[in-house]
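Going by the order they are written in, the chains are A, B, C and D; count residues from 1 in each one.
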Amino acid sequence: MTEVTFRSDMTVELIKHAAEDADVAFAARVSTLGGDTRFNEVSDKDAGLINFLMRDRHGSPFEHTSMTFLVETPIFVAREFFRHRAGFSYNEESGRYKELEPTFYVPADGRPLRQVGKPGAYEFSLGTYKQFMCVSGDIRRVSTEAYSSYKRLLDMEVAREVARMVLPVNIYTSFYVTCNARSLMHFLSLRTKRENAKVPTFPQLEIQMVADQMEEQFKALMPLTAAAFDKNGRVAP
Amino acid sequence: MTEVTFRSDMTVELIKHAAEDADVAFAARVSTLGGDTRFNEVSDKDAGLINFLMRDRHGSPFEHTSMTFLVETPIFVAREFFRHRAGFSYNEESGRYKELEPTFYVPADGRPLRQVGKPGAYEFSLGTYKQFMCVSGDIRRVSTEAYSSYKRLLDMEVAREVARMVLPVNIYTSFYVTCNARSLMHFLSLRTKRENAKVPTFPQLEIQMVADQMEEQFKALMPLTAAAFDKNGRVAP
Amino acid sequence: MTEVTFRSDMTVELIKHAAEDADVAFAARVSTLGGDTRFNEVSDKDAGLINFLMRDRHGSPFEHTSMTFLVETPIFVAREFFRHRAGFSYNEESGRYKELEPTFYVPADGRPLRQVGKPGAYEFSLGTYKQFMCVSGDIRRVSTEAYSSYKRLLDMEVAREVARMVLPVNIYTSFYVTCNARSLMHFLSLRTKRENAKVPTFPQLEIQMVADQMEEQFKALMPLTAAAFDKNGRVAP
Amino acid sequence: MTEVTFRSDMTVELIKHAAEDADVAFAARVSTLGGDTRFNEVSDKDAGLINFLMRDRHGSPFEHTSMTFLVETPIFVAREFFRHRAGFSYNEESGRYKELEPTFYVPADGRPLRQVGKPGAYEFSLGTYKQFMCVSGDIRRVSTEAYSSYKRLLDMEVAREVARMVLPVNIYTSFYVTCNARSLMHFLSLRTKRENAKVPTFPQLEIQMVADQMEEQFKALMPLTAAAFDKNGRVAP
């Protein structure tokens, strides 16, 4: 029988990029200088310029950048991710064209399991030991049985696109996603949770895990831009 | 115990629209006439104009239209639908904010179950009686058990966003989608299967069921445009 | 000789629309209620819901709306307008396909003519009588001479697309533009100037004249949405 | 008096890029292979894959690429360029924030000047010597006088955004534009003129000059993709 694997983490790997703070500065300067505005180094002046663009929400200079990530998440996270349309390109593995791997998400110990309150303003708390055992047990059992059924149907030569209908939304999928700094900041403004955010957000924990990793990569590539975003209330320009 | 319902059909209801053939004609005529180009009636001349725009792929005049649909499909269909980004707006029911209804998709008798060939060029055939019984039986069993687990976790006050992780991708979801005639034709060009299509397509049957219903509504609202689309090889302009 | 006409105003006519406050409410409610969420009347509850969506920047429910305008502006205004890409569709009269009308923009008495300060933070003041006379005189003279040259070249059977190269950017053009409430609010947030705007804006006066007319139309169609936009700092959700 | 410069060419400089044929292949393969699909080298197999994607119009794998160009063109060309919305980002020099340079476009000897036929199907012929002399003479004279007026108004401390209203659409502007391979091919399909194009196009010569240079750069970066585009009738996937 096929071994089923359970994971509680997300993979976000930066595959390629053409994204640095200098790109923002050269694009912004063309409005006041015209012509070729590429200069050698990012200077203190650029830091001020980038902060001004962020604060006053001049978004277009942030678009002349490109980052491609390989992401592995459960389907329920991918579903939320793919709602982001503007400035995002996707290619995902297909349940019609390939046999899906038996890898499923299960919440780690410490993942809040109880919600109190109403839509848009839920509070989460940790959950009891019994809740954790039931969640963990049920997810493992249902996932395993669903995957057994999937395999049995495939073995009977049922089409993949039909057999996959039994699989739960916590099965992992993988996709490439390409975005620019502006669209990425829009994603981060909605899918992270931070004290200093001007607009309150309620992202599901599992997509926060993806977004937090993306923000780390973003900070490393474009430190001035990422800092200006955070300093100005985490509102995408 | 909760009653679980199985369906083999898709719901596509036209909710509202501002979309008629005359809209295409008035938008196209502004390039050669300027100013206000609204005339009273759609004429034979408009049919020719719309056909010319379609054939030579002048797409922008088709965008000054709007159609909003309410769609009910399984999640695996919604996932394919939401890949359409340009000219599409969505709002979907949320597994975080509401308890999901126990309604699941099961293939009808006659749905081809076997696939032969390689990705991008699969051929489907009907499947044996035994295959049909196994598919139908497994989908019913796995869906029912998953929903029982979902309900048990909710009864234990586990958060909806956690409990839903056990639910399979054949559970129904509902969403509003708004598009224009251009983006709709792009969708139809990829998600329907017709002999006269210039570009071969391999849409999954279940999304064809949605697309075919949308095309019927489109034909009723914009008969000249829908006819020109079909006549010119079903390539979106 | 061709009579040349000068105008100091902008035309914004609402051509068609499928846009009301109830559209926002039904799209938003699907996330918590699922299924068909159209109810008969816009209620006080909807006003609260719309305000909540605006404040917390849930933008997608505002997209299930459509407004088409016929706009007449000088080319320099159309250039700024067409920078708006997401959620905007355009068809414009063509200087290649039609002979352009001899209608040109000239600033009205009272249009501030002097700018002090640096890019992004200019202050404008009214200008002297001499400045006004020179601006007005030069614009009239240059426009008239350019149009004479344009006509002379056309009379010699020079192609329209070549002859039009002499025409100044204050010549009027006309275009249809279709947008939704979300993209329109984004436009208004950048192209109007109001005391209560959270983000300072510096739109050119002539595009403000267009935006202000669009906002009036928007208010009449969607009063709750327009009020919530204004109340929440005029930031597009 | 300010020296006025006339040019008959366009500048298209590739500023930065993250765009190679291998990017298309890795993004496409994820649907059938899942996970990390980056392999070392572009192989013959990739050429076949890219050709298949182009022919059957699977467009999304071409989006995981990025090219930024610096373009210098007259305003009437920039106006056509900026009509391309999806997958394009722009930053342009501003007539509000900087004094515009006195550089104007004038057709070179050999630029067809006469048009015969009707919109959408014009034929162009070379034009007489007299036509050429009038076009060239008028453009030079009108541009020079307009720029003199512009400078005089600026010298009187009239705001740039007002003074620029007298400038003709053949004045040069400069902008950065970022696109991906898919959006670039869409642009090329409409703005170049080739015998082997499946859909007839009638782009103005001056934007062809820009598009042809962009295609040369594209070919150098992504030879397999550019060849597949040309081989398959120059229809964007």
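The criterion applied here is as follows: contacts are C-beta pairs under 8 Å (C-beta built on N, C-alpha and C of every residue); 3 or more make two chains touch, one makes a residue touch a chain.
Source: prediction; values computed, not measured.
A.B. asks: Return the chains common to the contact lists of chain B and chain C.
C.D. replies: The shared contacts of chain B and chain C, listed by label, come to A, D.
A.B. asks: So which chains are sitting against chain A and chain C at once?
C.D. replies: Expected: B, D.
A.B. asks: If more than half of the interface residue numbers appear on both sides, call it same; otherwise different. Which is it for chain A and chain D?
C.D. replies: Same residues, largely: of all residue numbers at this interface, over half are found in both copies.
A.B. asks: B-D or C-D: which has the larger count of contacting C-beta pairs?
C.D. replies: C-D
A.B. asks: In angstrom, rounded to a whole number, how far apart do the mean CA points of chain C and chain D lie?
C.D. replies: Each chain's C-alpha centroid was found; their separation is 26 Å.
A.B. asks: Measuring from the mean C-alpha position of chain A to the mean C-alpha position of chain D, what distance in angstrom results?
C.D. replies: 34
A.B. asks: Quick check: how many Å separate the C-alpha centres of chain B and chain D?
C.D. replies: Distance between chain centres: 35 Å.
A.B. asks: Would you please write down the residue numbers of chain D that are in contact with two or more other chains?
C.D. replies: Answer for chain D, listing residues that touch two or more other chains: 31-32, 60, 83, 86, 90, 94, 97-98, 119-120.
A.B. asks: Help me check something: in the complex, which residues belonging to chain C touch chain D?
C.D. replies: 74-76, 79, 82-83, 85-86, 88, 90, 94-98, 105, 107, 111-115, 119-120, 122, 124, 127, 130-131, 134-135, 138-139, 141-143, 145-146, 149, 152-153, 156-170, 204
A.B. asks: Considering only the defined contacts, which chain C positions touch chain A in the complex?
C.D. replies: Residue positions touching the partner: 31-32, 52, 56-57, 60, 83, 86, 119-120, 199-200.
A.B. asks: Provide the residue numbers of chain B that touch chain C in the complex, in ascending order.
C.D. replies: Residues in contact with chain C: 13, 15-18, 23, 26-28, 30-36, 38, 60-61, 63-66, 68, 70, 72, 89-94, 97-98, 100-101, 173-176, 178, 180.
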